[in-house]
Every structure is written in structure tokens, then in C-alpha cells.
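Next up, some structures in C-alpha cells.
Note that chain A is present in both complexes that follow, paired respectively with chain B and with chain C.
Up next is the complex of A and B:
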């Protein structure tokens, strides 16, 4: 294989894959944020903590109940999503008549509580979660070695993202959802239970974060702080993409992951800040975000 | 975006009279007396910590409570000023007052850059943008050679004020810090009650209306952002001299969250709320320092309780009860 701009192809494709995986998580998490924001008009600051919870619940199911990865993929989003439903009913629902900033402050507090509790219980060193047997090993593609699990993460999150997009943009339920985003009062007048829809939407968004957590568990060690820094990058992704469109959130997430991976190849020092720099540029050129509708 | 709910976040207590209300003067005087006695009763370093955070929270409150802009990235200004002051005092061997001024200058420049970009978005986007830029500053601080990475800048000399007064005694330093912080807070009070501050409140309460009245809203927002950043920098730089330390904690997002918590708990949009909030949180943290992550849990619980139960904050509730703006 030839060298590309003096970069060995293994390194280039390796970082590209890593970028694509990070991009998968950016996409899944910003998708969840966008879905929640669309209907609830709040920024779910506890999204990172709920992603971390997803990884931990998967680890707990495995350790305490012997439930394997595949069942965890199904069960964890339901369990963590249910906690989200409770949080929405008990707390967030009481804040809709107030400024949206209160929702942000509340969910920030919840994130601190969740992270603190897990840190007390499990420390900060991180717990191992092994790759399921079916996906261990890898495939040699000739120009690079592709670990099967990593390929699975990219494919799985692309499927989930597409499924969510399809459900929201192409189904009857999604049509109700979009209508309620535009005008909840009118949709309610048509006999649709909007408060319940809002609750379930929050639960769904939280479930998406938890699903991302399960996918991440075998790649990154399961750690109480795993969501804290990630969520800030995801916020930047959301600002860059603009929360106006579901597809926009997905594309921006994957795209920025790849850009970050490429930066790590060509100028590694900048890889941790490149997304923020892009955010600054987008704010200068198109403040509403690449896919945003309103400023 | 201008619904009636918008105004509720600040819980504005209308100032009806012209000039400084008498009870404000009384409170400031009482506070000064208390703070002059404090180092004889309490550990001076502890009170200095409270003072630095009181100034930091007041700076955030200038932006949040009176400008209606929630910055979730004020640690960037606090921390960068702290780093520059520590570096100037230690490596360049400058006098503490020059080191602090350099720190403030850095925070102001950073505030100008971040503020100019952040005010292009509103509401929660503004919060997300400031948080993201602060994280960028954090990553830069991790990588920059002069910040000392994980160790931070340690053993910063307190030096001699104006080259004359030796600040190595906690007692002497205390009165210098008191002067800086009290001056800063009086400055904020002056800004709030100036014509500029009134326009700011008008923008906070009804931005489209302010635009239609001919005010250059963006300029006002940027101006208050830079002022708030500079004052946060003043707090951070002073903190670096007091503790002789500047570290990554100062620029991390948890620091931004902490100062938002102080302001929220004390009372957004009140003059004295941030001081009370800072005192409560710093005291709580120093008592619970041995309990590790429980501090984080309790901070979270206070956040949730403040949002759910008393959004006016401690001082806001008292002000409502006394029917006087505090």
C-alpha cells in the first residue's frame, strides 16, 4: 500500500476508524439531545450522566445477574429510559412554564448527583466490560486491521440513527411528534395526549443515551466520569449542527468524528480542540448552525 | 422567545427610588465591619477563599442576573487569569498588583473573544457555547507548557504589594484581598445602578423592545460580558496569589458549575445573593472536604432543590419577605 502525504495507511485508517467510532457516539448523543430539545425545549445536561448510567447498568447486569451483552442492548435503554420517565414526571414537568434555563440548571444538578453517587460506589478507576464472544477478533482488510466490535458499533449506531430518523420523519407517530414540536396546544386540541408524548420522548432520548453507553462499555472502560467531558463536546456538535433537524444532528455527529480523527493524524496537538474551533467558525459564518433553522 | 416566563428567571425586584437606597448602604457598612472583624475570629485563608468566590459569583451574577445571560464557562476567565497571575508572579517575578492586573487583562481579552462569538446565540445555546469554549480553554491549559499540566503552578510567591508591603503574612494579605473584593463588588453595584445597568435590565426583560427603542443590544451584551469576565479574572488572579497555586481545577467545567450554583443558591439578580451563596457553598465544601464525591452529590442536590423549591435564592426569598430589593 502506498503512503499518503507521508502518513502510513495503517495510521490513517486506524485514526479514521477511531474518528468514525467517536462520531457514532456524537451522533447518537446529539440525536438524543435534539429529540428531547425538539419537544421539551430543554437541554438535557444529564445526557452524559445517563450515557454513563447505560454503561454501568450493562456492567451490573453482567456482573450481578449474568445477563449478556445482547440482552443488555435491549434491557438497558428500557431501564435507564424508565428512570428518565420518572425524572420527567417528577421534576422536569414542573418547569415547563419557566425559562428554559431552569431545565438546564436542574439537569446539571441531576448529572452531578448521578456522577457523584457512582463515583462513591465504584471509584474512578474504571471497570472492565468484555467484548461479546460473537464480535471478538477482527478482519484484515489488506490495508488495515478492522476489529469486529468497532465495525459493529459504527454499523449499529448508523442503524439506530436511521431508525430514529425514519420513525420521526416518516411515520404517523413521528408526524404527531413533529406537530407537537410546532404547536403543542393545537395538537392537544386534536385529542392527542401531549404531556404523555413529552414524557415518552424524554424517556426515548435518555434511552438513546443509555444505548450509546452500552455500545461504549466494551471500548472505553466503564467509568463514572466517562460522560462528563464527552457531553461538552456533544454540546459543541449540537451548536455546530443546529438542533433544527434530526438528519443534521446525525450527519454532524459522524462528520465531526471523522474530522477529529483526521486531525489526530495530521496535527495531533489540535485534536482535542478542533471541534471547538469549528464551532467558533460556524458561529462566525452561520450562527444558526449548519442545519439550524432559526437563530 | 419573549414569553412572560422569560422574566421569571431573574425575579426582578423593581428599584423604585433614585439614588442608593439607605438599607443598601447599611448592609454594605455592616458587611464591611463584619469582614474587618472576621480575620480575628475565623481562619483568614478561609475568609479570603469566601471573598474570592463572592467576587467570582458577583461577576457571574452581573451577567446572569442583570444581563439575563447564563454563562456556563466562567471558569475559563477565572482560571486563565489565575494562571497568568501565577506565572507573572513566579516566573517573571512581578509585584502581586501587576500580576493580578495582567490576569485581569487576560480574562478581559478572552472575554472579548468568547463573548463576541457567544452573543450570536441566545438562551440555552449561549450556555452551551460558553461551556464549549471554556472546555477548549481547559484543553489548551492541559497542553500549554507554562501551566504545568496536572501539577499546576505551585509555590507562587505572594511578593510585596507595590514593592513595599510584605504579603507573606495571612493577616496583611487579608486586608489587601478585602480591599480588592469589596472594591470589585462596589464596582458591580455601581454598574448595575448606572444608566448602562438600566438598559441592560431592559434588554434582559424584553430584547425586541430594546432593539426597537434603538439600543445596540449586541454592544451592551458584549460590554457586560467583558466586564463580567474581567471581574471573574480579578477573582481568579487574587485567588492564585492567596493560595499560591493555580491548577486545572480553576479552568475545569465543575468550577463554572460551582459558581453558577453559588449565584443560584444566593439569589440571581440580587446584589447580596452571590455573597451569601459563595459563603454557604465554600463553608459546605470545607466541612465536607473529607467525604470525597459526596460534595458533588450535595452540590447536585442543592442545584435540584434551588430550581424546584426556591428559585429566588436565599436572598431573593428574604427580599420578597422584607418587600425590599436586596
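Up next is the complex of A and C:
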């Protein structure tokens, strides 16, 4: 059997696919961040905590109310998104006229508080959430055993990413949003309620994080630290893609998942730093990120 | 001498005797209070230390014990900073627990520097009482050698001879992999390979696929806590176990089994130093513990903190002071006895030895209720459970 880069092609295909699956989470999360940053200019550091809340709310719905995974997919983003709306109205809205740094500090503080509360209540070992019956099992692809649930994650994530990109870049609503970012006063003068639109956008971004949380719940253990571990990587993804660039966030999310997956084969010890090495290189060559526009 | 003078003199001497006898002890419980090891150590270890002080009835014996705690976040640099501050400024006499071997080595160094005492329960590396042993360290609960020999030997005897390791890439994981490899090879088995993942990790599917491709019969998990939980969960998802490969969790705590659920964890073979349901004494103690710990049963790390603090306090009582050399001498010459580990002894290299147990995780049908998770496969007697004194390469052993 021939070998590619020292490993059999079967193993390589398997790892590429796994990278794509992890990339789906990066893409979904960095998409939410990019939407919030691009349209609100807020660096939402509580994104990881909101992702974790998504997983927890799914677990709570299942445990306390017997609501299954499919309903959770719909309800959880709404519930967690609503908490986002409240946070935006009560706190973040007061910071728009200040430097980015204040929004970052506020959301970072919120993340610590939310994680602390969940940790206090549920501990760190994690809670079990099983894969829905319809998606359990897997398919033997010849080069690897692909769990059906993971295949579903890739498909779901790709659909949501495309939908969001389309809504923002290709619809009238998206045009309003982009216009409001450029010049809120002018857009307001046309009779559009800009503050409400911004609030809902934040809620939507948070909802995306929560959706990623529901998708992650059956794969990873549902625990209060799950977001904190991921958020730093996701920020690196956003920076590489270009802060605020929606397409950039999606493409780099999937792409870096694959790069990380390959690193796990060739030099696993470096897999937690490879993304940051790429970030440093990209910043040196293109400070605005791969898809970013320099202002 | 007139009578009043006599009275004054005797009262004064009594008072002086009183002050001379009262010993103030400050114990610092240093562990992970927020990360992957927080449930297996964390606040439970502080509770265990407090229970030891209560059960010893320290106050009645003229020993005032104060317990403080801190979060080392599993980072060696943070652990050594806190340890140094505790010894230098806060007057801490003894540090207990300290999971995460890399952090434990850092604390052992500082403790030796400051000539204080370190009673480790949570960390795994057998080097703590081997090549890097210290006259100031006691290692109580378990170590990588004991785990490797318990689970490793049992698995090889069952016919699982070809191994692949998924290893947490730090001192503990590397030690556990090395010790288990030695056991496997000594028993005529073969190690086909290993992959080292950054600590802590979240997605282990890539490593599992590599393990699968290796063609090994058994995948040894040389990691712990949340990492092990995720690895086992994902192994089930990727059909690794269904396809015929076995998993050997080399360090699994009861809190991990609780997090996994019996459906996923059933059948795992594991080595532990303590289980709540061994005898009447462990049950009674564990139920007291659970009542104050939100219903969670103690891990072996919690039990080890309790027993090690108890042994330390007995030494304080016996020596009537807190002079480090005298305390260490007393702890090593007096056999230990407590309700959780029974009779034991601290060896010259600082290793506490006691029986270890080989358990198998029950199936959901076998389990009679919450926390009824293990059935006992074998007891490993203390003399066989830990590395022979002469083999550790510790400078204290002559």
C-alpha cells in the first residue's frame, strides 16, 4: 500500500474528516463572534460561556422537562439568545460610546461569573447527554467509522453558516444591518429602529453560540469549562479570518479545524498551539486577517 | 515560701505549661478548585481535612488547627508561588493534597527548601517517592507504579497483550505510560505505540482513530479526570469498543464513572486505593462526607487527604511540637491506622503503603442505586501494591 506523508491514505482521510467536524464547531462559534463584532463592534468574550449555557440548557430541558434533542435545537438558542438580549439591553448598550476594551472587560467578567455559577451548582466532571436515537450508530466508510451524529454536525453547521452569511450579505434585512453599522444616525433617520436591531443581532449571535452548545452536548461532556477551553481558539480563528468578516470566520473555522486535525497525526504535542502559530504568521503578513478589510 | 506566693507560683507554672503545650498548626489544602480535577479533589479535600481534625479531636488535645485552601489551577508555577507565600508569609506548616504531578513536584521542591511538610494525596507520579524523593514529602494515596501494576497486570493476564497508549502530555501521563509499558513488556506483551495529547484536551477522536489503526488489542488511557471521561465517551461513539478493542482506564476516579454513567462505563477494569463501599467503617465515613458534600461520595483522593492529615496530627501529638525532622521521623516510625485505609506504614522514601483494590465497573442492571458502581475483583496486598523500596532510586533509601 502506498503512503502519503508517511501515513496510509485511509488514516489521512479519516483525520481530514475529523478535522472538518471540529472545524464545524469553530466555524459556528467564530461566526457568532464575527456577527457580533462586525455589526456591534463588541468583542464578546462571554461567547464561550454562552456556548456552555447552550449545552447546559439542553441538558436541563432533557432532565427536568423531558424535552428531547430536536426541540432543544430550536428552543435553546431562543432561551439563551433571550438572556443575551437582556444582557445587551441592561449592560452592553451602555458601553457603545466607549473603547472596545470596556466591552471586552464586561463580557469577560460576565463569562467568569456565569462559569462560576454553573461550576458551583454542577461541579466540573460533566453531565451525560446522550446522542438522539435517530442519529446513534454510524457508517463504515472503509477508511473510518463515521458516527452518524458527527456527520449531522457537519451538515447542520454548514447549513447554518451559509444561511447566516446569506441573510447578512444578500438580503434587505442584512443590508439594513450593515448600513446601521456604517452610519446608525442616517439609518435611523429612514425610520428604522437601530437600537432594537442591534439588540436582536446580539441575541442572534448568542443564539448561534447556544446552538453550537446543543450540537456539542452529546459529543463532549457537558461541563462548565467546555466554553473556556474553546473560546481562546475561536478568537484566534476570528483573528485569522479577519475580525468582523463573516465569510472569513466560516472558511477559517473549517480550514483551521482541518489543520489542527492533521497536526494531531504528525505532531500531536503541538496540536494546541498550531492555531496560534498560524495566527502569529497571518498577523505578520496580513494584519487585518485573511479576509479582513483594513479600515 | 508563704502560701499566696506558692499559689501564684503554681498558677503561673500551670499557665506556662498550658502555653507550652498548645500547638498552633496551619494546614494548607492546595488543589484544583475550578478545572478538570476539581471534583476529584477540590472542596471535597478541604472537607476531608476538616473531618480529620474533628475526628482527631485536636482542640481537646491542645492542638489548634487552622485549615486554609487555594486553587493551583493545575499549573506548577501557580502552585509553587502559593506554596512559597503560604510558608513564608502565612505561617503554613503542612501542605496537603496537590493533584497534578507537575504541580506536586513544584510544591515538593518549595517544601524541601523551606523545610516544611508535604502530605500528597492527589498526584500520581511515582517519582515523588522515587528518583525525585524528598525528606519532606509523604505520598499517601496511589501512584503510577501501583496503577500500572494493578490494571496493567490484570489486563495482560486476561490476554490483552498488544497495547497502544493515549497519554496526557505532562509528568503524570508520561510516568503512567512508562510504568504501564514496563509492566506490559515484563509480562510478555507488546507496546505498539503511543500518542501524547495536550493537557487538558476536549476532542480525542483523532487519537482514538490512531489507536484503532495501530491494531492494538487494548488502548491504555494514561490520562485522568475530564480527559478520561471524554476519551471513553468518544471511544463508544466511534465504535472502538464495539469493534473489539478494549479500553484500559489506568486512572479512573469514582467521580469519572459518575460522570460517564454506567451505560458507558460498564465493564471497565480499574485500580483504586479506596472505595466507599468496602466495609462498615468506610461506609459510615463516606456517608458523613456525602451529607456535607452535596450527596457526592468521596474519591480516593479525598480519603487520602483525610488519612494523611490524621496521621500528621498524631505525629504532632506524639512529638508535642511541629519540628519538621521530628514529625517526619515520627510519621515514618509509627504505623498508621485509620478507618479508611486500615493499617499502613510510611516507608523511608515517603511512600505510604496500604492495600489497593482492583475493581470492575458494574452494569446498570447490577447497580443497586446511586454510587453503587464497583464490584471487587481482587485486593492487592500492601506489600505487592507499591514499588519495592529498593527499586525507586530514592536517595533516602540506604
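In the analysis below, the second predicted complex is superposed on the first by the 282 of 295 C-alpha atoms of A that agree within 3 Å, B and C clash if a C-alpha of one lies under 4 Å from a C-alpha of the other, contacts with A are read in each partner's own complex, and residues count from 1 in each chain.
As a working rule, a contact is a pair of C-beta atoms (placed from the backbone, for glycine too) under 8 Å apart; a residue touches a chain by one contact, two chains touch by 3 or more.
Being a predicted model, the structure only gives us computed values, none of them experimental.
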Superposed partners chain B and chain C on chain A - clash or fit: clash
Touched partner set for A:138, first chain B, second chain C, both or neither: second
Chain B versus chain C as contact partner of A:225, first or second or both or neither: second
First (chain B), second (chain C), both or neither touched by A:128: second
First, second, both or neither for A:94, with chain B first and chain C second: first
Contacts of A:284 with chain B and chain C, given as first, second, both or neither: first
Which of chain B and chain C A:174 touches, first, second, both or neither: neither
Which of chain B and chain C A:22 touches, first, second, both or neither: second
Contacts of A:14 with chain B and chain C, given as first, second, both or neither: second
Chain B versus chain C as contact partner of A:265, first or second or both or neither: second
Those residues of chain A which chain B touches in one complex and chain C touches in the other: 119, 229, 269, 272-273
In the complex, chain C residues that touch chain A: 34-36, 38-40, 42, 169, 195-198, 200-203, 205-207, 209-210, 213, 225-226, 229-230, 233-234, 237-239, 243, 255-256, 258-261, 264, 296
Complex interface listing, chain A residues touching chain C: 8, 10-11, 14-15, 18-19, 21-22, 119, 123-128, 131, 138, 144-145, 147, 149-150, 219-221, 223, 225-226, 229-230, 261, 264-265, 268-269, 271-273
Complex contacts: residues of chain B adjacent to chain A: 5-6, 8-9, 70, 72, 117-118, 120-125, 127-129, 131-133, 135-136, 139-140, 142-143, 253, 257, 260, 264, 292-304, 306-308, 311
Chain B partner contacts - residues on chain A that touch it in the complex: 42-43, 91, 94-95, 97-102, 104-106, 108-117, 119-120, 228-229, 232-233, 235-236, 238-239, 269, 272-273, 276-277, 279-280, 283-284, 287, 295
